[in-house]
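Letters are used for the chains, namely A, B, C and D, taken in the order the chains are written, and counting of residues starts over at 1 for each.
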């Protein structure tokens, strides 16, 4: 079988297509023939060595994949050959609260990922693909989808009638718009591009803001939502945090997702956060049980993820370069099989 | 001003239209010119003396009303003449957990209700009517609407992708279907009439069941929802409880609303409830803050309550008789002003 | 190795001591040399065939055991020979919400139990024994202890200052008193014996009631707790439910544990439950993660379970007979090794 | 009657003792003869003008007071002359979620405070003083006590067996130790003084750390608590935040209380917070219903607040100076009547 491998933090050019034997499923394992993968910004950082010296190498990169069960190992009654499946971001976080041990199993990070024609999954790390989704659409869900789901429903607890603010047009933000609408919420979406703003409206955004032309968008968002936004899905990192704090209502939540570091602004409004009893909630994807709950929600509501563009398996470097350009709207996908 | 008054538990015929002076708003009070009211089954029981000897008489019956602010008393800055408003079911339950003191203020029960041309409300017991609703539609919300809202969102905690089962076509059940869909849930709705079932489908029900022709509907519902129903909105009382317990998943909830008493069946499946870690949750309307949250949700989602038929103020007895007949689908309304 | 086995629902006399080979731990398995077990009422029902025709036979009965790791299988880094451990009631409910699949793994019910000198456990179904507990005390925790823990902390959410009511002197009730006090709550405990009431006071009960001499104890408990009891740990089944409903405050909870069936009283106060927005919450033990949380709490607070009497491994029938007599106060234990 | 008044942000020396007529209770109002007050750091900031130009002047400063009901206005049945009572920090936040309107009623900030022989309270803003507390002890509760209570129980959700870390020996921190122990938690307490550390141990701290001699106390705390601290009660502001993030477990909470501003460190570990799904939760005192819940907990557990030193009413300036010196351990009190 063919798979991509990184020997070190070599950047996109270091992605090498190699040959390996197809593995055999052991006790409780499932061999999946991968059909599609999608990229997350985190995969780009990994490829470029952004996670430092503790990163495992060699590494099969990329966390998000979907495919078809090829064969099951002993003791697997939950799946059979031919089943369409999605792999969980964390192999070892089945349910409950997160922990260090559970999180030491991220695909394309702590363990090998999905840029491969075949991969073994523990049976408890797979969920079935909804009928209405293609393999490419299914492959869009594990990281960005579940992160947005956790932010909006599980940690954000959004109810009908509440207001959710999203930032930009990355994968997590588009999913957050779709899930917030699914929850009956009002959505305020920001972007720096008027063309993209039109697409955000089509996706369901009730209000939109160009944060370039309206740098004090937090104030505007607060006005529109009367008492303030209930949940900001913050993907911009510390740079946008001040406007987010301004947008959020008293007692509201900022779901904090951005992986971008950088020093915080000297006037970071943490004292205001305290006085307003606000909550800054880190979000790190979710468990297999959370993935199942999200897939159920997607099924019941016939939701489809936004796919920007699909590359062939031999175009993986182009796919990464496209993601790096920032021109995409939705997920960058790779067709494997 | 004209208002209806009951001198005792005299039944529908005892409803007398009387004349009274228009009251003057005191400190923190708001005088509302009522435009519409709607009936709940509980109002019928009250009129017929079903709540026993502790019922206050004389009584202006009926809890649910909406209208226009006529005048405000000293210290009221929250409302002004001309504002369209809805009255809360409980005057004294503003927010937080319920308590005996807070619940000792139910309109048309502990205190006078809304079958009146004018009524004084404490300022904290009113919320604004959404623009897209008529006064009649607004008057449909305080009791049945808020009960369904509390059952589905606040106490039931329904999330997208979950399954909610509703029973019949009473006010609470229709609202529960609408709120469950607003939450992104799948709805299984039951009725004894195939004609009504068609209307339930139009309201959004994903699956329907005729409980007359399918007496073991609980089993069927469990199958459809794979692991069992997440929330049953139980309005049938102890008679239907056994099928509800059968329908609900392990760890699921039965929101218990039925006011109907009667002895429980000798084979009541409480032991099964325990073994399945299920929850039977009594629901009693909600607070003014809950009402505001529901009204926000209705506004954001442009939802409209189902009105069966509207009677004139001089036809109140006919309205009660119509409700008693059980032929209605949705709320029975009275146009007051 | 020696172990007890039941060939069918033969009652206590059918408990036979048999010889079997010591099993070998496979992948992810741990061989435990059991040192102690304790009995639960549920074990007595099992032995007497009370769970009907679906009960697995032959069966090694009894769910609750503790011992010492003898040897670990491949892939087990979490435990080593010599570690003192406690087995979880459910082998397959590791964390998160319960489900049918997770609950199909109850020791001494769906799978073999602990009345055996050795037993294999999956590594994820064990937690470490706190240093301050003997093996016998540790063996008291898995079923009755965790049921009380789930009722009081996880499902009951008891906070300092709240009032918890317990019934009688069975294992769950004594643990509930201890956990309620650990949570900073006030405890009202009932019993039919004045001698036992003295022991309940020593265990921490703030108020006590003899339910034989005070049959309307629900009213009394409501008075003592001012607004009503926050949580009743109901172990008496449908027979005591009416008094429990009376005792509980508006918005309060009845954690329902009793395995006893029997028809409900014709005047069952479910309508009152609804009007008071009360919650009847079934409780079914808990997960391995819950067990770990409870063990942490027991460790931090130096808590010791109440052991009534310890029998030798060849006195298992006497132990069951002692439990059946109802004379015990606390857990009936068996020393195995 | 005598009361202290500030004409502007004049500092401690601007505190002037003036004479005013005793007010008369109106509808729903209660006249309280204040017996004691205690100081919070926030009162010192107010006196020194630290809250900027929006501060109301003239102002009767200080939020925390307790006393005896002198007389009640019309419509007050909840209290009678002679009742011992405590005033809520916010007059208008009765229950439920916080909001701008509810928070616009902080004593000694938005409205006049308690450094006065008499004060009118709305009846819903008072709770009864527990019998086992003196008026001085009762006056210690409204701000620091309720802030700690909200942080530990309501927002922190601390359960028995969890680990709570507190910082220093200010009022909130000492209350947090007491409440955490009341919840059955393990407490790690830090201080810069070995003498104070001895007193922290006596108050119940299980582990202590001198943050001066152990500047990387976060790492140490994480080790002691095995998987990390469940809740840090952060009062040090952004300066200590990095060590707090280090101390907290994956999925844990930092309750953020410090009113101290100042620029954040350039290496603020917010990305680590995200990766560990941690939560930074602002805490702003609480509602009257929260105050009642805390007072219930204090009553049931016979808890006593730590009073450092009591000043006479004519020594208010000395009391403020003592607080400013930082030498205190526990609350600085003023005996009024």
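The rule is simple: a contact is a pair of C-beta atoms (placed from the backbone, for glycine too) under 8 Å apart; a residue touches a chain by one contact, two chains touch by 3 or more.
Nothing here was measured: the structure is a model prediction, and the numbers come from that model.
Set side by side, B-C and B-D show the greater C-beta contact count at B-C.
Look at where the CA atoms of subunit B average out and do the same for subunit D: the two points lie 41 Å apart.
Chain contacts: subunit A has residues 97 touching two or more partner chains. If you draw each protein chain as a dot and join the dots that touch, every dot ends up joined to every other dot. Of all the residues in subunit C, the ones that touch subunit D in their complex are 153, 159-162, 179, 182-186, 206, 293-301. Residue ranges of subunit B in contact with subunit D, taken from their complex: 27, 94-97, 287, 289.
Those residues of subunit C whose C-beta lies close enough to touch subunit B in the complex are 97-100, 103, 227, 237-238, 249-251, 256-261, 263-264, 266-268, 270-271, 273-284.
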